[in-house]
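Below you'll find the structure I mean.
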Amino acid sequence: MNTNNILRNGLLILSFVLMTVSLYLVFVFVPTEREMGIVQRIFYLMVPTGWLALLSFVIIFIGSILYLVKRARKWDILAMSSAEIGIVFTTLALIVGSIWARPIWGVWWTWEPRLTATLVLWFIYLAYFMVRSLATDPERGARYSAIVGIIGLVDIPIIALSTTLWRGIHPGPVIFSGGLAPPMLLTLMVSLAAFTSFYFLLLQYKVSAKNDESLINTLRESIKSR
Amino acid sequence: MDQKDKASRDLAIKARDLAKPFGSYLALNGIDLDIQRGECVTIFGPNGAGKTTLIKVLATIMNPSAGTVWIDGINLKDNIEEVRRRIGIVTHQTFLYNNLTTYENLDFYCRMFGVPNRKERLLEVIETVGMTSRLHDRVGTLSRGMQQRVSFARSQLHKPPIMLLDEPETGLDQDSISMLWKMLKGSTEDRRTIVLTTHNLEQGLEFADRILIMDQGKIVYEGLRQSLDLPGLKKAYKSSTGALP
Amino acid sequence: MNFWHTVAAITWKDTISEMRTKEIVSSVLVFTLLVIVIFNFSFGATQQTMKVVAPGILWVTFAFAGVLSLNRLFVPEKEQDCLEGLMVCPVSREAIYTGKMLGSLIFMLVVEVIALPIFTLLFNLPVLSLQIVTITVLATFGFVVVGTLFSAVAINTKAREMVLPILFFPIISPVIISAVKATEISLAGGSWSSLVPWLPMIAAFDAIFFVVSFLIFSYVIEE
């Protein structure tokens, strides 16, 4: 068994165990929040999806820089794979955020700062894919999307700051400032760990699938030119 | 190493193992080149053979994905700006701005190359291509042939010892083409290194010291001018590329 | 060769070309005026509503005008492959970026210099104040620093007119938010110190993205 398989199986087992534990914690263990009620449990899904939306972009950023400097396809594959996973979680974060907004504020969509910033992030992901598919050749597409990957990540904190200053209603950044009861914090941490492990599992699958794809293309091309 | 370094310093252009992919197709696939100072090399080949890509790599417009280029013994990676100062390029695109006059275009490129005594040099060069009377006309209003003459002047401003020409005759009428060949021959007299790609076998052969034929990113044929005539070249072209010239 | 000498040559080349054709400035200006008029229709144009919507109108107009003018920025470089002509010159790619960026900044500022007084006139609002001019200059600089980079990207894509706004708007959203807010405060008679979170925000955006775009521009144009 090669290292890739060990890594993959390890992540698979880890994700499965953590997911199971986190489901137990979210639905059985953690007490219901006093003011918001049962709906507050969405929180344990909302924070991890938002976190993965960001984490994916950080990986895109790293892959993009390495690709531009080293021009090796594997870094573009890493960035691209992370983007494909990232946009799914960003979409999920928006949907979950809407579901959260409905009972709390009585509307499906509110221009709440973090939700707004996530929406802008979603558009940046979209730009990442569009510029790649509309570029005149694949190598250009890879380079241009790497540019979006770099500019996008640098922009995220500025977007977050400007939307926060622009609007301001939310349960505040209470998560790490001791505002969360210990069982809730534990549940959140386990969910975060479970989703992070799941992300790396998906990333591993995506990267190896894309590597195989590019290998097949190279082989096909070499057969054709013979 | 000293031996090798000295050898590459004596060459105007030296390239090793150049590769450049477009998608999963290789436009350059392991090109080696050794071009002496003062040598004229003509490259033939069907469309898509990689001629333009090779010129662009030598001209520092494109980076090869693998391999190394030395121009006058300078590695492209070490001092690319010095290399650029030594290269003049003419392609079927003129690199001229249509809304600027001939004078403004040339003056702009003088500034970009840091040419001393800009005005003097500019007038001198424009004289050699016989375009002095159109100095203050917008380039967009000139005919294709005249534009190409101005473009040739543009490539001469900084007195490059190495000229790269990528199908310079494309889209020109017969008169402009013969004018162009005359200008090119004029520039061979001062012992400059010239690399030319063209579809015109006759002119390209007459002009060259050495002939290369490219196909599918590789150099598939190499021959000296002395050992070739036009029918011989046509035969070589057909047998090495499988296509009609 | 001196960096700023090259920058000046490129900006100068773009400027005389534009002065001759007025392609960008005239079309963008007409577009800007039309947008202002159409917004007037759609908001009923009472003095009361105008006070509320004017900052938004101003910045939506300038942002769209920016996209329109940035879309044209690399068109002359693409005709006759002039960008390749620039690339074989012994000048740094950063100088090419800075020169193009400054040219674009000049075109945008010219449009705004004409549009702001007209805006003042049509909306009957004091848009022509030192505060708003400052906001405009800072925000426009923010537009062009990223816009020049993306314009160079978009020129090599299919459907470039659509690619540029898709890249441009999400990235400059902090500038738009800040410029709208600052204009709102300024129109309500706020002091310089009340503009504080917003003006520094735009200035920070400008500085950060000038550096980042400056550094990565060469990766856009080098194949």
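Each chain carries a letter (A, B and C) given by its place in the written order, and its residues are counted from 1.
Operating definition for what follows: contacts are C-beta pairs under 8 Å (C-beta built on N, C-alpha and C of every residue); 3 or more make two chains touch, one makes a residue touch a chain.
Note that the structure is a prediction, hence the values are computed from the model and not measured.
Peer 1: Closest chain to the overall C-alpha centroid, by per-chain C-alpha centroid: which is it?
Peer 2: C
Peer 1: More C-beta pairs touching across which pair, A-C or A-B?
Peer 2: Looking at contacts between chains, A-C has the larger number.
Peer 1: What whole-number Å value describes the gap between the mean CA coordinates of subunit B and subunit C?
Peer 2: 39
Peer 1: Express in whole angstrom the distance between the two chain centres, defined as the mean CA positions of subunit A and subunit C.
Peer 2: About 32 Å, centre to centre.
Peer 1: Give, as an integer number of Å, the spacing between the C-alpha centres of subunit B and subunit A.
Peer 2: Inter-chain centre distance comes to 49 Å.
Peer 1: Among the residues of subunit C, which ones contact at least 2 other chains?
Peer 2: 223
Peer 1: On subunit A, where are the residues touching two or more other chains?
Peer 2: Residues 139 of subunit A touch two or more partner chains.
Peer 1: Where in subunit B do residues touch two or more of the other chains?
Peer 2: Those would be 63.
Peer 1: Can you list the residues on subunit B that touch subunit C in the complex?
Peer 2: 56, 59-63, 81-82, 84-85, 87, 89, 91, 93-100, 104, 108-109, 111-114, 138, 154
Peer 1: With touch defined as at the start, can you tell me which subunit A residues reach subunit C in the complex?
Peer 2: Within the complex, subunit A contacts subunit C at residues 68, 120, 123-124, 126-127, 130-131, 134-136, 139-140, 143-144, 146-148, 150-152, 154-155, 158-159, 161-163, 165-166.
Peer 1: Can you tell me which positions in subunit C touch subunit B when the two form their complex?
Peer 2: Subunit C residues touching subunit B: 1, 5-6, 9, 13, 16-17, 20-21, 76, 79-82, 84-92, 222-223.
Peer 1: Hey, which residues of subunit B end up touching subunit A in the complex?
Peer 2: Against subunit A, subunit B makes touches at 21-25, 63, 65, 216.
Peer 1: Flag every residue of subunit C that touches subunit A in the complex, lowest number first.
Peer 2: Those residues of subunit C that touch subunit A are 146, 149, 153, 156-159, 162-163, 166-167, 169-171, 173-174, 177-178, 181, 197-198, 201, 204-205, 208-209, 212-213, 216, 219-220, 223.
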